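Listed below are the structures to be examined.
Presented sequentially are two complexes of subunit A, the first with subunit B as partner and the second with subunit C.
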Partner chain A sequence: MSFLHIHNVHKRFGSTPVLKGVDIAIAQGDFLVLVGPSGCGKSTLLNMIAGLDTLSDGELLLDGVRINDLPPAKRDIAMVFQSYALYPSMTVAGNIGFGLEMRKVPRKARREAIERVARLLQIENLLSRKPSQLSGGQRQRVAMGRALVREPQLFLFDEPLSNLDAKLRVDMRTEIKQLHQRLRTTIVYVTHDQIEAMTLATRIAVMRGGELQQLGTPQQVYDDPSNLFVAGFMGSPSMNLIPGRVVERDGEPWVALDAEETQVLLPVRRDRDALRQWYDREVVVGLRPEAITDPASADRREGDVHEAELPVALVEPTGADLYVVTSLGGKRINARMRPGGAVEPGSAARFAFDVTRMVVFDPDSEQRIRSPAPDPA
Partner chain B sequence: MPNAASRRHMGARERLQRWLPKLVLSPSCVLVLFFVYGFIAWTSYISFSDSGMLPDYTWAGLRQWTRLWQSWTWGIALHNIWVFGLLYIVACILLGLLLAILLDQRIRAEGVLRTIYLYPMALSFIVTGTAWQWFLNPGLGLEKTMHDLGWQSFSFHWLIDSKMAIYTVVIAAVWQATGFVMAMFLAGLRGIDGEMIKAAQLDGAPIWKIYLRIIVPQLRPVFLSAVVVLAHLAIKSFDLIVAMTGGGPGNATAVPATFMYSYAFSRNEMGIAAASAVFMLAVIAALIIPYLYSELREPRP
Partner chain C sequence: MSAVAGRRFTLARALLYTILLLFAVVYLMPLYVMLTTSFKTLEEIHQGNMLALPGQWTLAPWREAWGSACIGLECSGIHGYFFNSIKIVVPAVLISGLLGAFNGYVLTKWRFRGHKIVFGLMLFSCFIPFQIILLPMARVLGILHLANSTAGLVLVHIVYGIGFTTLFFRNFYAAFPDELVRAAKLDGAGFFTLFFRILLPASVPIIVVTVIWQFTNVWNDFLFGVSFASGDSAPITVALNNLVNSSTGVKAYNVNMAAAMVAAVPTLIVYVLAGKYFLRGLMSGSVKG
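And now, the complex of A and B:
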């Protein structure tokens, strides 16, 4: 029995479809992140869960109760907004307590609840200030306090970190994660930042154009993308997507990738059965930068590393890693190598491909080519 | 030495550029100085002089001021401006805010409605006053129409009732200015973050509480502007009353401005009129100067 069930939800503005039948179910205590480029419908979906927008079709179930037609105040849901939406004429304490006041909680219980939340978020010394006297990070905390104080069944976050500067954003991200681990609340969180999605979520829903592309744990979405969009969207730097061809060698499928003068041949390890149907057909091969390394730092525990010598076009040191750019299948590809290696642009270097992490896509439908397997979910 | 010559040439041009704005602006500055501030000073002096029908520069000390405050009509005028001003400001703000809130519900044809509400402001007070005078005239307007339609017992005599006449002026003035106040409030409402209203909805606040507790408190600067604009309009009000009631019946709708006019031009008491004018200026200045000061000073960092 799922806790929040988004069942075949449609939304149309006039004749323009915004959501085209989204199905998501999560369990109590889950941290669901809706992620996708702007205009993918993630914020609309969040507003519909909050009751600020109506459904054109479909059903929303919260703890087994249909909440489609309940007004926002009756849904037992709290939301943190992108602009924080604090009430400027009230103090911090007034802001946090407003929801309780509207629910006719007596003054004494209200004050205790406000103090408890203020302690939790370390904003006790700010309670008598007005929002205009707070910094961005402090406003963010107050906005979270306003949501937490009511102890609702479900928390909604609408891009809450996008107005903060880069360093504060990382700090607040950690705090939200800690808060979730401590309170074990169910959260639906909208962002366009895939790093936020990866770090916070227990479940990620990748959306595009009003359709759900993939739903899974961060690791599933990262290692096992279901189509080219998810593969390219999640991860930074993004996955190398290399045009190639499936060939047969000793009765097994391999992929052939064109380099400038040579050809790189890599054995297929995943979805081997499905790829037997693809001999001599064009495919797109997906390899994350960390699956292409220098031979010394390749992970050989899986025992399937294949090496090739390729020209180095460019070297990008980041301090922790050295990204080496070469060309395969007519595309620039990134390899992640150990810094300090003797890799020079213009010369050749040995690249090690971890083929156990290789995924293959159909270039026409953009879907993963998968062997039919028992669904892991 | 072509170089030095061109430098001198540049110097002349720069000097001209520096002086040109001052040259262009100075005639109007001189005119304003003379006709506005000069005559304010002149009127102030007259209020301390022995002037009657014509200016008389004999110093009379506070004699005209004492006579002003002993005048029975001035007392009526002051009482009327209180009643009129208070009702006018309060009614305009309440109605304007209500209309703005109703218009802010993203209704259809909002642009048309907004224009209709704003139109009265485009009329001069003389036109408004004349129109309302016809409309409220028992022998001509509303009452006669009702009688013609067969409602013989209908009566609406406020315009010629010396106790109620001032309220008819309030009605006309409110009709004229409400649209303007509404436009001010509407602009204020449009500046409010929509997410804040959503947050309040999720907090469980009913719509009237959202307005009362969250939105209206944020409109404080609009309230201030509206009060200042309406207050000085009220104190200056002259043409509306002249057109509607002429200050009558009797002196029932006299206000300081009509008092000043009648003492200066029909009662040949220029000194008293000048004193009343200076008094009105002082009241308006007391309202406007702090407001301008708070609006024009640099925003705090």
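And now, the complex of A and C:
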């Protein structure tokens, strides 16, 4: 039995559909991240869960109870807003305690709850300050304190880190993750930042244009994307999506990718049965940059490595890695190599492809070509 | 080169300050004449020399204006009318301000179908000239048995003020972050709690603007006062007019000036006091930045 069940939820503004039948179910203690480009409907969905927006169709179940028609205050849900939304006329303690005060919690119990949360978030020395006297990170903490103090069944976060500078964002991200691991609360978190989604989530829901593209663990969404959008959206640098063709070789499907003068032939390891139906048809091949390496750093124990010599167009060192750009199927391809290698632009280098990580998409429907049952790789 | 530029600059400055000083003198001249005249004896005034300082300072005109000047047939000064005006202006400002704040709150944070039309109509009321409503208002006050009373004037000023106060508060609350309202709703705040605990405490700047605006308008009103309240319930503006017009042979300019100063002082005080609380950037800190 799922803890939060978003069941076939629709939203229309006038005749414009914003959500087109979204289905998501998560268990208690899950950290669900709704991720997608702006305008994909993720914030609308969050507001619906909070009760700040109405559903056009569908159902919301929290712990088995239908909450569609409950007012926000009765849903036992707390929310952290993008702008923090701290009450400007109240002190930090007043801000944190306001929800308890509204629920008629006695003064003494309120005091204790505020202090407990302040200790947890390390803002005890700020309790008598006004929001205008706080830094961005401190405001963020107060906003979280206001949500935490009520001990609700469900926490909602609406892009809570987007107003912080890069360094602080990473720190707060870690803190939110730690907080979730300590408190084991159920969280729904909205962001457009796929790195935030990957690092925080136990479940990721990738959305686009009001539709759910994929729901799964971060690793599933990353390694096993169900369509071209998810493949391109998750991961940075993003997955190489290479136009190619399925060919038959000794009764097995291979993919052929055009390089400048040669052709790279790679055996198919995943979804082999499905790809047998695709002989001599155009496909899009997906390979993450870390699945294309130099031969020395290729993972030969877990993977199945095939090498090819290709011209190097560009080299981008990041310090930890060396991204080597070449061209396949008419597209720029990123390969992640070890720094310090003798790879020079203009010359040729050996590229090692780990075909166990290769995924294949239908260029017309943009969907993954999958075998019904997982291949015994 | 730079020295020349510097001299030119100071020359322009000097010219600017001279002009500004000249304007200041022109604007302050009536106040100066009023004040000095109010401290002179009648004999001194009759000698001419309007701009001279009093040769012999006296508070007698002020005492007379406050306590014993004749207004019509009654000779007990303007103090009764001063308190009439207080009785009118305090409830009129408070109630119209509160109603305006409520309207602004509902029109921005609890939007309903047709909220734009409702606001448009309320805005329209700001442009209705006073004279047009004199007769209908007299009829209404008659029906309500409020004619010739300060309560009646309170009602008139509330009705007339709502348009402006609504405009002020609506525009202020339109810029008030919706996320704060949503946060409070999730925290369990209802309609009134939201208004009194979240919005109103953050509204000091616009409250000050509204109070200054309403206070000066109501206090300085003459037309409604003279039309709907006569005799004992008249406001100070009407009393001042009657005082000046109640001739006992000689024009007591010093008493008139003192009475006019008494009538003008409260609005001045409101400006000075309220201006101090004219805080900017009160909203900073509630949302980003």
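Just so we're on the same page, the second predicted complex is superposed on the first by the 372 of 377 C-alpha atoms of A that agree within 3 Å, B and C clash if a C-alpha of one lies under 4 Å from a C-alpha of the other, contacts with A are read in each partner's own complex, and residues count from 1 in each chain.
The criterion applied here is as follows: a residue touches a chain if its C-beta (ideal position, glycine included) is under 8 Å from a C-beta of that chain, and two chains touch if they have at least 3 such contacts.
Only a predicted model underlies this, so the values are computations on that prediction, with no experimental measurement involved.
Student: If subunit A is used to align the two complexes, do subunit B and subunit C fit next to each other or clash?
Tutor: clash
Student: With both complexes superposed on chain A, which partner does A:14 reach: first (subunit B), second (subunit C), both or neither?
Tutor: neither
Student: Determine, under the contact definition given at the top, whether A:89 touches first (subunit B), second (subunit C), both, or neither.
Tutor: In the superposition, A:89 touches subunit B and subunit C alike.
Student: Regarding the shared-chain residue A:78, is it in contact with subunit B (first), subunit C (second), both, or neither?
Tutor: The answer is both, since A:78 touches subunit B and subunit C.
Student: Who does A:340 touch here: subunit B (first), subunit C (second), both, or neither?
Tutor: In the superposition, A:340 contacts neither subunit B nor subunit C.
Student: Based on the superposed arrangement, let me know which partner A:319 touches: subunit B (first), subunit C (second), both, or neither?
Tutor: Neither: A:319 stays clear of subunit B and subunit C.
Student: Residues of subunit A touched: more by subunit B or subunit C?
Tutor: Higher number of touched subunit A residues: C.
Student: Given the touch rule stated above, what does A:102 touch, subunit B (first), subunit C (second), both, or neither?
Tutor: Both partners, subunit B and subunit C.
Student: State which residues of subunit A lie in both footprints, the one left by subunit B and the one left by subunit C.
Tutor: 47, 50-52, 71-73, 77-79, 81-83, 85-90, 98-99, 102-103, 146, 150
Student: Within the complex, which stretch of subunit B touches subunit A?
Tutor: The contact residues of subunit B facing subunit A are 193, 195-196, 198-205, 209, 213-214, 217-218.
Student: Provide the residue numbers of subunit C that touch subunit A in the complex, in ascending order.
Tutor: The contact residues of subunit C facing subunit A are 177, 179-180, 182-189, 193, 197-198, 201-202, 282-288.
Student: For subunit A, which residues count as touching subunit B in their complex?
Tutor: 47, 50-52, 71-73, 77-79, 81-83, 85-90, 98-99, 102-103, 146, 150
Student: Touching subunit C in the complex: which residues of subunit A?
Tutor: Residues in contact with subunit C: 47, 50-52, 71-73, 77-79, 81-90, 98-99, 102-103, 130-134, 136, 139, 146, 150, 163.
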